[in-house]
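Chain nomenclature is as follows: A, B, C, D, E and F, assigned in order of appearance, with residue numbering initiated at 1 for each chain independently.
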Amino acid sequence: MKQTVLMKEMDAFTYRERLATNPIVIIPVGSLEQHGPHMPLCVDELLSTDMAIAVAERIGAVVGPAITFGYKSQQRSGGGYHLAGTVSMTGKTFIDLAKEITLELAEHGIRRFVFCNGHYENYQFLFEGVDLAVRDLRARGIEIICQLISYWDFVDDATIDRLYPEGFTGWDLEHGGVLETSLMLLLHPDLVDMERVSDDPPAVLPNYDILPIKPELTPPSGCLSSARNATLEKGRILLDTAATGMVEAIRHEF
Amino acid sequence: MKQTVLMKEMDAFTYRERLATNPIVIIPVGSLEQHGPHMPLCVDELLSTDMAIAVAERIGAVVGPAITFGYKSQQRSGGGYHLAGTVSMTGKTFIDLAKEITLELAEHGIRRFVFCNGHYENYQFLFEGVDLAVRDLRARGIEIICQLISYWDFVDDATIDRLYPEGFTGWDLEHGGVLETSLMLLLHPDLVDMERVSDDPPAVLPNYDILPIKPELTPPSGCLSSARNATLEKGRILLDTAATGMVEAIRHEF
Amino acid sequence: MKQTVLMKEMDAFTYRERLATNPIVIIPVGSLEQHGPHMPLCVDELLSTDMAIAVAERIGAVVGPAITFGYKSQQRSGGGYHLAGTVSMTGKTFIDLAKEITLELAEHGIRRFVFCNGHYENYQFLFEGVDLAVRDLRARGIEIICQLISYWDFVDDATIDRLYPEGFTGWDLEHGGVLETSLMLLLHPDLVDMERVSDDPPAVLPNYDILPIKPELTPPSGCLSSARNATLEKGRILLDTAATGMVEAIRHEF
Amino acid sequence: MKQTVLMKEMDAFTYRERLATNPIVIIPVGSLEQHGPHMPLCVDELLSTDMAIAVAERIGAVVGPAITFGYKSQQRSGGGYHLAGTVSMTGKTFIDLAKEITLELAEHGIRRFVFCNGHYENYQFLFEGVDLAVRDLRARGIEIICQLISYWDFVDDATIDRLYPEGFTGWDLEHGGVLETSLMLLLHPDLVDMERVSDDPPAVLPNYDILPIKPELTPPSGCLSSARNATLEKGRILLDTAATGMVEAIRHEF
Amino acid sequence: MKQTVLMKEMDAFTYRERLATNPIVIIPVGSLEQHGPHMPLCVDELLSTDMAIAVAERIGAVVGPAITFGYKSQQRSGGGYHLAGTVSMTGKTFIDLAKEITLELAEHGIRRFVFCNGHYENYQFLFEGVDLAVRDLRARGIEIICQLISYWDFVDDATIDRLYPEGFTGWDLEHGGVLETSLMLLLHPDLVDMERVSDDPPAVLPNYDILPIKPELTPPSGCLSSARNATLEKGRILLDTAATGMVEAIRHEF
Amino acid sequence: MKQTVLMKEMDAFTYRERLATNPIVIIPVGSLEQHGPHMPLCVDELLSTDMAIAVAERIGAVVGPAITFGYKSQQRSGGGYHLAGTVSMTGKTFIDLAKEITLELAEHGIRRFVFCNGHYENYQFLFEGVDLAVRDLRARGIEIICQLISYWDFVDDATIDRLYPEGFTGWDLEHGGVLETSLMLLLHPDLVDMERVSDDPPAVLPNYDILPIKPELTPPSGCLSSARNATLEKGRILLDTAATGMVEAIRHEF
C-alpha cells in the first residue's frame, strides 16, 4: 500500500506502529458549504485537510479523520445557512462529534492533538467539544494536550499586505475570496473555474446578526469578497506561510 | 470544473440546477474502522461511496455527502470497538447526525433519499435518525421518501454461490473478507496489499454479545474471515450485481 | 410471602440476601407491540420474562425488572410502528433506560448481567445502553460482565427443521407466527385465541426499509407469517430448547 | 381471549375497536422501590395499576401501559435511593418516557388521558413529560386532555380519621405504612408478610433534604411509618374511597 | 469596594480569600413569575436572595449566584405557566443549570452548599440537578454536602397561627399572598403597591392537575390567595422566623 | 410601584399593557466571571444590563430578563475558565437557556428581540440558541426578528483612537481593562477599586487555544490589559457611543 500521512488510508497495523511513536495527530475540521459559483461545496474540508497534510509532512505527524460537516454558516462569515448547498450540524451535534472523535483517538493512545479548523463558524463549538473530552479524560486520569488552530491566523500581516495590495477586509469576509480560491487553484485546480468568479462588490454586512437571516444582505454569488485576484502563486505563498506558522506553533507546544 | 455526480464536488449553482430536477440523492454511510492488515481504515466510507456512485451514474442521481464515522464496531460483525484504528460515534450522535443531514437536504428541496450503508452496525441508528427527520418534516407539512439499503443485501444467492464456492458464512463475518477486499482490489488497488492478507481461520463467535468485549474472540488480524480468495474479478461481479440490484430497487420505489 | 425468582416480587431484605451470593441477574427486554388478532400486545414482555424465569430456575439466577416498552417496530421484523397498539420508545430513550437500569443494579452490587431480548428491533439500542453503562462503571473502577441474548438465537437448526416442516423463513418474519404463538399457547393460553389466527400468506417484504412506512406492505393481520401451525407442544419444545441453550451459554460465560 | 380492561392484554384489533369509542386511558405510574421487609419492590406498580383498574371498571376506561420504574426515591418520602432494591430512572429519562408514551397513544387516537401516580417522587417529572407531549401535539394541531392524579389525594379527611385513629403523619411518611400495606393485604395478600412488619418508630426526618443522603436518618426497615395497624378491611375502605374520588374527578373533567 | 456577602459583588481575589475559610455557600433559587398586580415578576429571585443574605450574615456564609429562572409555574402553586410575564425553564434545562453551577463552585473548592429555594415548583428539579452533581463529583473523589431548603418550611405553626388568624390554607396557595407580600413590604417596599392588591377570593383548585392548563381556574389576579392582610410587620416576623430556623438547620448539618 | 424599563421589576399587569404596544425587548447576556482584583464577578451582567437600559430608555423598549451565567471563559478573551470565581455554563446549557427564554417571551407575544451581549465567549452559543428558537417558532407559524449585538462593536474607530491614545489591542484583550473599568466607574463606582488595579503588562497570548488551559499564560491579575487608564469620563463616552450606535442599529432593523 502507498505511504501516507492520512490515518484513514493507513491499515490498522501500520497505524498501530505509528501510535508507538506517540505521534501528533492533526484533525482537519471543515464543512460542506456553498463557496460561490466557482468552487465546490467541500472547499473547507479540502483546505483544512491540505493544510493538515502540509504540516504533517513537515513534522512527521499523522493527519487524523476529518470533520466534514461544519456548524451553520453565518451571514457575516459564510454568507448564511439559508443558501442551498450548505449542509450543517447543529451546535450540539458538532460538540458531540468533536468530543467523541477526541475520546476515541485518546482511547488508541493519542495524547497530542492539533485541530486545524477551516470553517470560521466552527471554532467555539470545536472548543467546547474538545474541552469536554479533555475534562472527561482527566477525570479518568488521562491527560491529553490539544491545540486548536484556524489556519488563516497564521497568515501574517506582511503576507497579507503582499497578497492584498488593494487592501484587506478581514478573514470573515474571505469566504470564497482570494485566500480560499488561491489555495484551491494551487491544490485542486480541477475544482476551480475562474471564469465563474463573481464580480459582486464585497459584501457590506452590519456589525451584528439578524435572525432569521435577511437573504438580501448576502451577494448573489454567496461570496463575501471577490476571488478575481486569486492566483495559484498566491496559493503557494499562502500555503507556505500558513504551514510554516503552524509548524512553528506546534513545535512550540509539543 | 469537472463533471461529477458528487454533491460535495459541485459548486452551489450547479447543485441548485440539479435541485430543479427533483433528483434522487444517495447518501453513503460508512465508518472509520480497522479492516485488517491489508486494507485501510476507510474501506466502508470508500465502498459505500463507490456503490453510491455506481448507482447514481446509472440512474442520474446525485451522491450526497458521506457519513464517514460509524456506530461502534461490534465483535460479531466488525471485530469489536476495542481495536485501535476504529473511530466510532455513540448511538445518539450517529442518530443526530443522520437526522440533521436529512433535514438539511430536505431544506434544499430534496424529497427522494437513498441511504447506502456500508457498515453493518450503523443500520438501526441510521433508521432512527432518518425516521426522526421524516417525522419532524411531516409535522411541518413536508413529505420525503427515504430508502435505506445495505449494499451487500443486493448480492443474490446465485452470485454468492459463484463467489464463495467453498461456502458462505454470512455477511456479518464478511468483515475484511472476500467481499470488501475484492471490491477494493477493483476500485482502490493502491489501498490493498494482498501480501498482508491474514490466513487466520474464520472467526468462531458466539450467538450473543459479551460486554465488555472479550478481545481473545477476535482473530489477531481483526478480520472475521480470510480475504485470501479475493480477486479483482470478484470485485467486478460484486459491484455489478449490487449496483444492478440497487438500481432496480430504487426504480421500484421512485 | 411466596418464593420467587422475580426481583420485583421480592422484598428488599430478601433481595439483599440474594445479593450476598453474587447472583446472575437476567433482565427481560420486551415491548408493547401488536401481535395480530390472536395475541395480546404484551407478548414480547411475557415471553422474554418467561424465558428469563425458565433459565433463572435452572441456574439459580434472579430475574431482574423487565423493560416493557421496546424500540419502534420496523416493517420487516414487526410489521411497523404505524399500527395502533404498538407503543415504542425512541432510540435515545431506550438507550437511556437500558443504561440506567444497568447502573442502578450495579449500584446494588450486581456484577453479572444477562439481557434476554424478546423484541427484534431492540437489540442495537440495548447494546448501546449496556455498553455506555459498562464504560461508565469501568471509569469508576467497577467491572461488570453483560451477556446480551435474543432467545430465538438458541433454537438450533435441528429444532427448526422439526418445528417448521413446511420450511422456515427466518426469525425476522416470525412476528406473531409459530414461535411466539406456540410459546403463548404453552405459557399463557388464556391470552391466545387460535380462532382469530390470520391466514394471511406470509408477508413479502423488500430487502430494504422505506420511510415513512408503506402500510400496504404489512399484511392486514399485522403478523408476518401465519401462526396456524402453532401448538402447545411446539411451545414446549421451543421453551426447552431455548432455555437449554441459554443455560449453556450463560454457564459458559460465568 | 379473556375480557380485560388492560390494554397490554388486549390484542391489537380489540384495542382498535375500543379506540373507536374515544376511551379514557388511565396510565399507572409506579416504581421499583424497597417497601420494607414485608412487601415486594413492585408495590407502587401494583397499586397504581390496581387503582387504575378499579376506576376503569367503574367508568368503562382502558388501563394503559404502566410506567414501572420511578424517579429516585427521596429520603423524606421513600426512604432514599441508597437502599438496595430500588431501581430508579433519572429525571430526564422519566420525563422522556412519560412524554413518549403520551405521544404514542395520541398517535393511536387517544385524546383523554388520566395518569394515576403511585410513587410520590414521580409527580413533577411526570408533569413535565406530559406537558412536553401536550405542547408537541398542540404544535401539530392535536389537542389532548391529561389529568394527573396521585391516588392518595382522594382519601378524604373523614376516612383518614377513621383509618388512623392514633393520628396521621402525612402521605409522605406513608411509605410502606398503613395505606400501602392495607391495600396490598386486600389485593395481593400473597405478597405481604405481616410477620415481617417492622416496629420501628415513625421516621423523624428534617424539613429539608441533604445530599448525599444520610443513611442513618432512614429507619432500618426502610419504612417511614409502621404498617402494624394495616388490615385488609382498611384496604377495602381505602380502595373504595380513592376509586370513588377518582371516578368523580375524572367524570368532572371528561 | 463595599463589603458584601454576595459572591457576585466580590472581586475574584476577595472571593478566593473567602474560599480559604471553607465557607458555606448559599445559592438562592428563584424564578421570573407573575405575582399579581401588586408585585413584580422577580419576587422569588428577590426573596430567595434576601433570605440567603439574612442567613449568610448570621452565620458568616457567602451568598452564591442566584438561579433567576424557575421551573414552569403550575396552576395549583403559582397560577400556571400560561400567564404572560412568567418565563420558565424546562425541567431538563433547570436540572442542567443547577448541576453545572454546583460543579463549577465545587471546582473552586466549595464543599458546603445550601440551596435556598423560593419557587415551589423548582424543588424536584433542583434536587435532581444537585444530586447529579454530587454523584459526578463523588465519581471523581470529591465529596460535597448540599442542603436543600424551601424557606417557607421554616415558618413554624405558632408563627402561622399568629400571622394567619383567619386560617391558613397552605404554602401552595401562598402565591402572591400574605407571606410574599409581607416580606416584600419589608424588604422592597418600592416594588409593592398595596392599592393594587386583588380582593379575589382564594383560589379553589382541584387536588390534581389538568394539562393543558384550564385558565378559568386561576383567579384573574394570578394570586391564589389575597395579600390584603400583608403588613411590613408580618414581613419582619416571617423573615426573622425563617432565617432563625434556617440558621439552626444549617448549623445542625455543618 | 416605581416606573421601570426592567421587565423583572414590572408587575404582570403592567407588563401586559406594554405587550399591547408590540415592544422591542432587549435581553442582557452576561456572565459570572473574574474581572481582576478591582472589579466584581458580575461585571458582564451589570454592563450588558446597563447598556440595555441606556438603549431601552432612548427607544422606549423593555429590558428583558438577563442571562447571568455565560459560556466558559476562554484564555484569549477572558483569562480562562480555570480561575476561581468564574461560574460558567456548558455550551449546550447556554444554548438551551437562550432558546427557552426566547420561546417563553415569544409565547407572551414578543416579536422583536435584541440580545445585548456583554461576554465575548457567549456569542456563538447565543446565536445557536436564538436560531433554534426562531426555527421552532417558524415551524409553528410564528415569526420573530432577533438582533444579536455585542455592545463593544458599537464603539467606533474614532472613539477608540480617543480613548486609547497609547494604542488599542483589540476587544478580546479588553477583559478587565479600560473599557469595562471605565464603564463601571461611571455606573457602579462602589464596585470598583482603582487602587487594586493591576499593573501587569498586557497579556501576550498565542493565536490559538491550548486545552487544558496553560495557567501561566494568563497574567496573575486575570486581566488581559491594564485598567490603569480607565476613567469615569471615558465611561461616559463609551456608554454614549455604544448606546447611540445600538439605537441606530436597532432603529435600522425595526
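To be clear about the criterion, contacts are C-beta pairs under 8 Å (C-beta built on N, C-alpha and C of every residue); 3 or more make two chains touch, one makes a residue touch a chain.
Given the structure is predicted, the values throughout are model-derived calculations rather than measurements.
*Asks:* Note the shortest touch-path length, in steps, from subunit A to subunit E.
*Replies:* The fewest touching-chain steps linking subunit A to subunit E number 2.
*Asks:* State the chain with the largest centre-to-centre distance from subunit F, centres being mean CA positions.
*Replies:* Farthest by centroid: C.
*Asks:* Could you tell me which pair, C-D or D-E, is linked by more C-beta pairs in contact?
*Replies:* C-D
*Asks:* To the nearest 5 degrees, please report the angle of the rotation taking subunit C's Cα atoms onto subunit F.
*Replies:* 180
*Asks:* Using mean C-alpha positions as chain centres, tell me how far subunit B is from subunit F in Å, no decimals.
*Replies:* 47
*Asks:* Taking the mean of the C-alpha atoms as each chain's centre, how many Å separate subunit A from subunit B?
*Replies:* 26
*Asks:* Give me the residue numbers in subunit D that touch at least two other chains, ranges are fine.
*Replies:* In subunit D, the residues touching two or more other chains are 90, 92, 139.
*Asks:* Quick one: do these chains touch in a line, a ring, a star, all-to-all (complete), or other?
*Replies:* If you draw each chain as a dot and join those that touch, you get a single closed ring.
*Asks:* Under the touch definition up top, go round the ring from subunit A by way of subunit B and list the chains.
*Replies:* A, B, C, D, E, F
*Asks:* Would you mind writing out the residues of subunit F in touch with subunit A in their complex?
*Replies:* Its residues touching subunit A are 71-72, 74, 90-92, 95, 121, 123-125, 127-128, 130-132, 134, 138, 143, 145-150, 153-154, 206-212, 249, 252-253.
*Asks:* Considering the complex alone, what residue numbers of subunit E touch subunit F?
*Replies:* Residue positions touching the partner: 1-2, 7-13, 15-16, 19, 32, 34-42, 45, 65-66, 68-69, 83-90, 92-93, 96-97, 100-101, 104-105, 107-109, 190-193, 196, 222.
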